[in-house]
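One chain, subunit A, links the two complexes that follow: it is found with subunit B in the first and with subunit C in the second.
Moving on to the complex of A and B:
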């Protein structure tokens, strides 16, 4: 009976595994294979029948390290800000008694997901541009529109525009499953309000926070339009470099190598993050 | 309704066959029908201006022209063709020299075009530039394109007459430099020319570009023509390097000074290149050649050149007189201010130049 059940489970897994291998694994293998080919300047893609590791060794130059650093640094910063902004928002939406307020905020968040990404990024570019309504704020803060800091702030604003709705909705579904009476109970037993919150609701929503962080980080690291438009070609993400290699200089092997490196680093970071959480859980359980 | 298990299975089977047939048709590479050809061009005025020739062609032959537009740099099309080859979806590709040289390097991609009607009216030098090892012409030229520096007069305090003027501290953050993929490093070839080098000796150009990056005057690294037009017209930057058609558009919106006739400068030249059509070897090559002959007709070539702000390649077509300020088309102007870059050499160097830009220039601009 157990064997029959496990066979049935395997059978159920088959469609997903088939789709996954056709749509994800095989292109990944092709990308890996392309990354090992030699590219001749002026030709299109890799030369068939050749192989080299130089596409990877070229990336050891500090300039490419800077690109990867920017990609992950802005990913971490935008994720942290998203969590800080979204958690109170999700908490508020969950607790608000007036249904119309909850519905309005949720509709607004979902509507943000449906509006075109390019349009939103150009809107931000115009808002912070020389004639934009946010330009005086930057001037008042003493930040010149030509300064790198200006670009960095614009870029983070752009990333937050994409991450905040996703993070809020993810956190909302996590908070919704927590019994809010636990906070009341803790307060009844004498805990101050903030202690009651951190010891009950916040602790129980950590899994949701981790899911939201991973989602937000993945969105940031794979962002393409945001750095392309708001980075003004000065702040470049790995995705922009990959696009340039594939589409503009037709050096597919180099683009493929950058893509593989980006994927590996992302997997290591996320795996490390999850391991850290798992250890913490084990310690708590012990 | 009586619905038993057998009927359910039968209906499901029919639905599955229908769905798989539909899906397989969808999964096949999109191919133009036999009565149409696919031509790749740029958006904006290019596709609009080419449409007049397409209408004439369709009226005469009954063959439709399906347009596909370049996304960003025209080099993008190379990867698309490569991914589908030997299946041919794109019958004609409109592009410029570097793209044509890359296409000519690929075995069997391009059809011979000597027999395209009207080729005899194109200046032989333009045709000969794109002959293969067997002496066969591979590109149908339609325009003489020009690129050069220019700036917004209202945002620059003192006139720019030579390269060193770009280091003026009043231009802090006001200069847009180009990504190497855009106009194949021609603005940097111009810098090399200014200080005694050329495309064959780029060192003086790289040295000056480093100085420019260190000066803090670079405010943006432009990745496309749209970037350039937006950045100049919104005032994000004041100085840039772009094609003649873009300068035409920009100067309609903001006061502009063109650096195309700069007697004091050895590098601020008007760089001349060919804009034309390559025809792929495929099932619709004959129809594509026929369409190319319509594109070359004097009346279409003249109108197209006027619409996109350039000089026509057909000697029977005339350049629009109102574009005199923008164009470098007379023999005297070409001798004095024009420059014909060695594109086959530039194409062969793009790889190392791009890497040099990314590893030596970008870190300075980024401040690392």
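Moving on to the complex of A and C:
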């Protein structure tokens, strides 16, 4: 019986395992191999049978360092801002008593998750563009549309448009499971409202904050259309560099090396963040 | 009233004001760009003028539906979305069933492996799939993208199917089997119909995912096959034409329809996970 059952499990898992190993693992392994091949100018891919680390050492050049720095810097900034503005929003949705408000804000957030990335980037580009409603704000602040600061701000606005909905929904599902009576109790015992909030609800939602920041950071680091359109080729993310190695410069080994470095750094950061949290939890339990 | 409690009230009132302003600004920040695109898509002017438009017309919708590139892209997007969703749902449900009903060594690692594509940036998957497809000689853009989208949707369909299958008591299957049904019969006539809502919503998720996918597809399109979002993107890079606004209007309408379907099927609250101490219900 047990053997029959475990073979049934294997049979059911087989299609998924096949899809993942053929279309996910082997392509990634192929990218790793490609990144170690010699590239001769004029050809697209690497020369078969060769072996080199030069595709990686080329990345030590400061231009590439800047691209990686920008990728992670904007990821961190957008994540911090979206946590700050999404927490009040999630808290509000959780507490609002009028069902229709709750329902329409939720619908808006889910609609934003579902609606196309291209559509939303276009909307932001239109909003910061000369005909857009944000243009007067920029000119009032004295920021010219050609300034680097203009590009940086519109890039962050673009990233926030993607991170806020997912961060809010993640935080909302964390806050939903917290008993709001704790906050009421703290207030009854004399704590000011904000102290009551930070001592009960906020502390209990730290796990949600951690998963929300991981999600937000992962979205920013893998953003491609946002920097492509709103960075206008001046602010470049690692993803854009990989694409240009495929579409413009056609140097696959170099593109593969950038892909491997980007993947490794993001996995290390996400894993490190999770580990940090696990330690915290252990200490709290002890 | 004592000084102290008056000060406490003032701080609370200030905090409340900041809180509501922040919430209102955030909602406005999210809604305004999309609303602006919707209004601009009905612009009657021939050029990209300042907001709001001085006259209205359907000219950009006409040029959208009259464009051969966009319509071919729309057709490809529809075929790719349906085909990849069918593959992802079928494969995902089988795997989810195995993960929910059976215990086997290494189960946690298998689960983690199945979810791991979620942290790999789409561009890296697209680039790697390009190398892979070229090496094994799959050159047709349509097939390349169908299987790529099935892969990208699979973690979602597995996760959603797992949640909905976990809610079905295994005693029902056992009862059917004690009445003489085989395990397969029990799965198709008891478990699957009960998991219908979850299965359908994972399908909607996969559809929505495939329809706006760019990061992977952009590496895999060929000279004859392009998708709607990629056609829109390349148009956006060349000229800033309001036909894209009209296309956005159509896509938003479609998304709203999908959400209404999900809401009717399972309820939006379920999508984000039910709460234990939920005050609003």
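Side notes on the structure shown:
Rule of thumb we're sticking to: the second predicted complex is superposed on the first by the 262 of 286 C-alpha atoms of A that agree within 3 Å, B and C clash if a C-alpha of one lies under 4 Å from a C-alpha of the other, contacts with A are read in each partner's own complex, and residues count from 1 in each chain.
Following the convention adopted for this analysis, a contact is a pair of C-beta atoms (placed from the backbone, for glycine too) under 8 Å apart; a residue touches a chain by one contact, two chains touch by 3 or more.
Everything quoted here is computed from the prediction, not taken from an experiment.
In the superposition on chain A, A:145 makes contact with subunit B only, not with subunit C.
Touch criterion met: A:235 reaches subunit B, while subunit C stays clear of it. Look at A:129: by the touch rule set out above, it reaches both subunit B and subunit C. Of the two partners subunit B and subunit C, more residues of subunit A are touched by C.
Of the two partner chains placed by the overlay, subunit B and subunit C both lie in contact with A:252.
By the touch criterion stated above, A:221 is placed in contact with subunit C alone, subunit B being left untouched. Touch criterion met: A:20 reaches subunit C, while subunit B stays clear of it.
In the superposition on chain A, the residues of subunit A contacting both subunit B and subunit C are 45, 126, 129-131, 228, 246, 252. By the touch rule above, subunit B contacts subunit A in their complex via residues 71-73, 75-76, 78-79, 81-82, 101-102, 105-106, 172-174, 179-181, 216, 218-223, 227, 234-236, 347-352, 354-355, 358-360, 362-363, 365-368. On the subunit C side of its complex with subunit A, the touching residues are 8, 11-12, 15-16, 19-20, 22-23, 25-27, 29-34, 36-37, 40, 48-51, 87, 90-92, 94-95, 97-99, 101-102, 104, 110, 113-114, 117-125, 127-132, 134-135, 147-148, 150-151, 154, 158, 183, 208, 211-212, 214-215, 218-219, 229, 232-233, 236-237, 240, 244-245, 247-248, 251-252, 255-256, 258-259, 262-263, 268-269, 271-280. Only residues 5-6, 8-10, 12-13, 15-17, 19-20, 23-24, 26-28, 30-31, 34, 45, 85-86, 88-89, 91-92, 94-97, 99, 102-103, 105-112, 114-127, 129-133, 160-161, 164-165, 169, 172-173, 175-181, 192-194, 218, 221-222, 224-225, 228-229, 239, 242-243, 246, 252, 255-256, 259, 262-263, 266-267, 270 of subunit A touch subunit C when the two sit together in their complex.
Chain contact summary for the complex, subunit A toward subunit B: residues 39, 41-45, 58, 61-64, 66, 126, 129-131, 144-148, 228, 232-236, 244, 246-252.
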